[in-house]
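Chains: A, B and C, in written order; residue numbering restarts at 1 for each.
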Amino acid sequence: MGNCCERAASFFGPQKNTYVRVSLPAVCFVWQIAMVVLFGVFIRYDDESDVKGWLQYKKEHNITSDIENDFYFRYPSFQDVHVMIFVGFGFLMTFLKRYSFSGVGFNFLIAAFGLQWALLMQGWFHSLDPVTGKIHIGIESLINADFCCAASLIAYGALLGKVSPVQLMVVTLFGVTLFAVEEYIILDLFHCRDSGGSMVIHTFGGYYGLAISWVLYRPNLHLSKRLQGSVYHSDLFAMIGALFLWMFWPSFNSAISHHGDGQLRTAINTYLALASGVLTAVAISSLAEKKGKLDMVHIQNSTLAAGVAMGSAAEFMIMPYGSLIVGFCSGIISTFGYLYVTPFLEKYLKLQDTCGIHNLHAVPGMLGGFVGAIVAAAASVDVYSEQGLINTFSLEGKYRNRTLGTQGAYQAAGTCVAIAFGLVGGVCVGFILRLPIWADPADDFCFDDEAYWELPEDEETIPPVLEYNNHMTHKSQDTCESNFALEES
Amino acid sequence: MGNCCERAASFFGPQKNTYVRVSLPAVCFVWQIAMVVLFGVFIRYDDESDVKGWLQYKKEHNITSDIENDFYFRYPSFQDVHVMIFVGFGFLMTFLKRYSFSGVGFNFLIAAFGLQWALLMQGWFHSLDPVTGKIHIGIESLINADFCCAASLIAYGALLGKVSPVQLMVVTLFGVTLFAVEEYIILDLFHCRDSGGSMVIHTFGGYYGLAISWVLYRPNLHLSKRLQGSVYHSDLFAMIGALFLWMFWPSFNSAISHHGDGQLRTAINTYLALASGVLTAVAISSLAEKKGKLDMVHIQNSTLAAGVAMGSAAEFMIMPYGSLIVGFCSGIISTFGYLYVTPFLEKYLKLQDTCGIHNLHAVPGMLGGFVGAIVAAAASVDVYSEQGLINTFSLEGKYRNRTLGTQGAYQAAGTCVAIAFGLVGGVCVGFILRLPIWADPADDFCFDDEAYWELPEDEETIPPVLEYNNHMTHKSQDTCESNFALEES
Amino acid sequence: MGNCCERAASFFGPQKNTYVRVSLPAVCFVWQIAMVVLFGVFIRYDDESDVKGWLQYKKEHNITSDIENDFYFRYPSFQDVHVMIFVGFGFLMTFLKRYSFSGVGFNFLIAAFGLQWALLMQGWFHSLDPVTGKIHIGIESLINADFCCAASLIAYGALLGKVSPVQLMVVTLFGVTLFAVEEYIILDLFHCRDSGGSMVIHTFGGYYGLAISWVLYRPNLHLSKRLQGSVYHSDLFAMIGALFLWMFWPSFNSAISHHGDGQLRTAINTYLALASGVLTAVAISSLAEKKGKLDMVHIQNSTLAAGVAMGSAAEFMIMPYGSLIVGFCSGIISTFGYLYVTPFLEKYLKLQDTCGIHNLHAVPGMLGGFVGAIVAAAASVDVYSEQGLINTFSLEGKYRNRTLGTQGAYQAAGTCVAIAFGLVGGVCVGFILRLPIWADPADDFCFDDEAYWELPEDEETIPPVLEYNNHMTHKSQDTCESNFALEES
């Protein structure tokens, strides 16, 4: 297998090679060493994770029990988010028949690098101690770092199969950097609430990936068409990823929302929206096929759009039926996207979006941003109470006098900032990735793990062929013997 | 592949078609819209998830810390239960060689619809506010909704491969409805304790599914025999489901048990019983084969019976060795069931039980109900203390004077109610499902994803065949070239 | 398939059989009955899981809220550890092409037995009530029992494919016993801190398995070479295991560390080290192949070494950059081990280590032990504060006057004890396992599930062959028809 594919590759694409033996280790080592140095200079434990700090914190705040440590409020949600990042996103991208190693493996690499860089970038922008010049990290920092990676992983979804791991590291480096800046603008300057990241994660990540993919357009991608589909079992692996994303989305949205009712309400709203989205995604998927058959692409992806669309509003008093309505719409929009918009984008806008992140992240994220804006603008003292409004929208300090209409406007503006950052940032990064130094695969060698992985000889595809040859030469041998013969050869 | 299967289907079963293009979207849309409307009328946040409510609740109960919100007591268990429902049940049903998409996919659909309907039904029966006419939902409602779905998913286990998704929606609609009623009788009227649902979930769900399957008996199911087994990798996917069920069963049983010692004791007891059940299931499985080989069916299923059998008693003071004994017996009973009872039921009672839910849910659930009755009847002030008895069995208010013997008798009666509801309800629903309008597959087209899913062309089975043809016509081509040729064709 | 493999087996290895029909059920039943009896005599609930106990405990400690029950501090971490033991270790061992059932199945059996025996052994050594002669178990006991199993599961990694399930039960029986003793010496007598078990779990487990494997050396193992690799999808199953281990390692290390800052800091440090280790493992893996291709073995295993290496030090104030450095080194060391040390050990030391536990557990565990020693010795009042030092190193009671240098020396000595117990214990158990009564497979029948499992006839490999024969005899039949024909035959 190895041999013959190499031959094929050299026949079709002699102009490109996918050797990353120098570049990949170099990038990994240099960046990891940089991380060690920068962490040494900047990163310290926060009060809740520091031996001395926590003793002092308890004394100052008159806390008697360790259960008040933020660890116990957020750690279960953090672990759910962690599973979403590594197993959820990772396995969702294993659906291609021969790109599963790269799907889950490069996802792993990106996230492992991205979360370190995110701790630094987010630290510099959000929590740099002005006196000591240090960043103090705790459980919320870990969650935010995971969130930040998510944007780059979403971008990977659009690029899946068409880029090298070195390019992905570049995508992540810039992705995390841009994320920290737009997040600073949206959450700090605009003072938006976006606990599940409809804007900062999904809208930004979606458009970032789409813009890169647009710049990297490959006119001859059809040469890899043979590998662009799934096989039965690769779809089941992808289903593992899809379900872990679906199940843990309530934790994703509620992981950093307000303690108490905030986390609980966010979880409830997300749970309801997701359930609603499944039914409409199934309905549209079935409607679109002449006998009503379902398409795994929709089941794996469109059922998740509701979680994306609830990323801003889930923390607000959107009411249970409001959540159902948002889920209802997202399931429909997302499935329509897979059916009609993705093919349209590819044909007319020259935009190749492998996983359809346009339908799963970009559009539902945008929807979520605007739903958040509307729900915020519609908030009233009647429903929230005075104190409740202040808590929910953090209208304290210099934001004390902001009206809810203004808050809504800022939420909407935040969504636009996320789109702009995604598109402009993505185009710039895309041009960087077009430099001929990144060892990306030739057009006929896309969607193929062979490019970057040592693959096992595959018992399941190879033997019958050889067996056949054996049969031809030693006619009377029985199946079993030839089977053993070939496996030993 | 697609083409030839269609041809085969039209040859064997021209009288039936599996087109769900109208019915499935119609059911999904109508029911989801109904959910939106009913949620709008009835469902509101409870005090712990409402902005105003939680502020007030904290003031009234003199609570200073948000950590006292029920979210922090139950959310980790809720997420474990959620994983059991979607990944656990879902992947356990992927064991068939060509029905894995339906196994995990329809499980997803059923649960997503069921949990919405469950919030309404359980709300109406258990927590309808008599003044406002509203149902207030919180974290416990979500867990209960997941539990309620479990009964319908269990029923799906008996029907796996033989029904259409539209039928499954009907099974779920009635399943959830019946569940809410029998739960009301058992938990509210009889005042039983059943935190892990031995009675209300497993016994009811098991007999409900068996009764439906009995009514839907297919005399010519052998026509689908070629698809009724597993393949190597489908058994591994099923093992994912089995293990997530096994691991999280302590959370399942303890998710809604009493705060503090109640949740911890329930988890410990379930953990021990499950461990014990693995050893006896392995032992019987090995004993039954002439060389002592193990059967994956038993490892995937019978190892779980102990969790079912501890659903009622795990919260009581059954003692650690008591848990081991319950696990010991369930492992044996369940494996025996798979070896002898299921074939017997199929042959003599005309009962086709695809997943063997009789052995995994119905009988162990019944066992669990009676174990709960015995342990309750044997409770004493000596072991529990006065206050402990009151807490554990909620013997307050009008149940203040109930003796433990009476409590035991009610627990036993509750089990019988669950059986009765399952059997009678299942027979009725079965007859509804025999109407010739549901697009269920013909006898020779069961256990086949082809009926309701657009399947990928499978690289793993198809190529060698075509390759062979290629070899026949262009004799001297080498393997690699023909491989590419066929993939591009 | 079944038939022909049996034939092959009888041809190659008539001297050995793998029948476990008597031995396996006998061991399971006898040991499980012994567990029931011993639990009856010794095991009781602790104060936090007992109805009466918790009421009294709350009164004595003036606790008003159930949230102070240790359940809420540790249960989420416990469940993560549980997932690591059953899905993490289990699926990591499914990478072989035809040994996945045994990988995940025997892992399940070992752990289910091991945790029961561990509750007893650890109870006798650590928490036997001197007055009543009882062991009181709570949530921490469950976590410790899972930890204790981990050592035997690590040992299984070295033996994978070469031993019978009965031998594995023996490995576990002695493994758990030895574990309890060395743990008693290291944690109680030496008073070391080892919350994630670098020493007691990984170092011990690693050398225990290696020593057994060394004694059981098979000179003709090359006869099973055909089955010693992976296939594409088995590598993906293994990736599920690898990722769940990687994601939940912060919970593993922090599960039994100190409440509050202790658990949080341990989680942060482990999270950082693991991220760092991924990059260096990828770098070395890529460097080692002539085109820079990655090897799945390294991605699945070496990325985890950082978690092992942080098992002791993660609870200390190693500082975030310190964690990154430990991860950096472990990723490199572990990948080098897979590339050069494992082949060396096999060739020159006659040590066959199927999963490479030398590189994933033994060496990183040892590294972790010494890192812990250094970080402990370097601790200062400046960083920890007086009270902080006492809390972190439990320097209370008779250890009040121990200096940190001494503590470091004890930590180092503890590592040596773990190595010694592993090697000596392993050699002894190895000789027991060489008795000719254990039904282990012949050299040409290793790595084959056929030996102990009833395997499904595999649609994926068989049909094409038969099909071919059909083509030969009925030349003009089309593919589809022959396909049906063979499946019905």
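We adopt the following convention: a residue touches a chain if its C-beta (ideal position, glycine included) is under 8 Å from a C-beta of that chain, and two chains touch if they have at least 3 such contacts.
For clarity, every value in this text was computed on a predicted model and none was experimentally measured.
S.K.: Can you give the rotation angle that fits chain A onto its twin chain C by Cα atoms, in degrees and rounded to the nearest 5?
M.R.: 120
S.K.: When chain B meets its copy chain C, do both sides use mostly the same residue numbers (more than half shared) or mostly different ones?
M.R.: Chain B and chain C contact each other through largely non-matching residue numbers.
S.K.: Averaging only over C-alpha atoms, locate the centres of chain B and chain C and give their separation in whole Å.
M.R.: Distance between chain centres, rounded to whole Å: 30 Å.
S.K.: Listing for chain C: what residues touch at least two other chains?
M.R.: 67, 72, 76, 233, 240, 460, 464, 468 - these are the residues of chain C that touch more than one other chain.
S.K.: Quick check: in the complex, which residue numbers of chain B touch chain C?
M.R.: Chain B reaches chain C through residues 3-5, 7-8, 67-68, 72-73, 76-77, 80, 97, 225-227, 229-236, 239-240, 243-244, 246-248, 250-251, 259-261, 263-265, 267-268, 271-272, 274-276, 278-280, 282-284, 286-287, 289-296, 299, 303, 317, 319-321, 324-325, 328, 383-385, 387-389, 391-392, 460-461, 464-465, 468.
S.K.: Could you please specify the touching residues of chain A with respect to chain C in the complex?
M.R.: Contacts found on chain A: 17-25, 28-29, 31-33, 35-37, 39-40, 43-45, 48-55, 58, 65-67, 69-72, 75-76, 79, 82-83, 86-87, 90-91, 94, 98, 100-101, 104-105, 108-109, 112-113, 115-116, 137-139, 142, 165, 233, 237, 240, 452-460, 463-464, 467-468, 471, 478-480, 483-484, 487-488.
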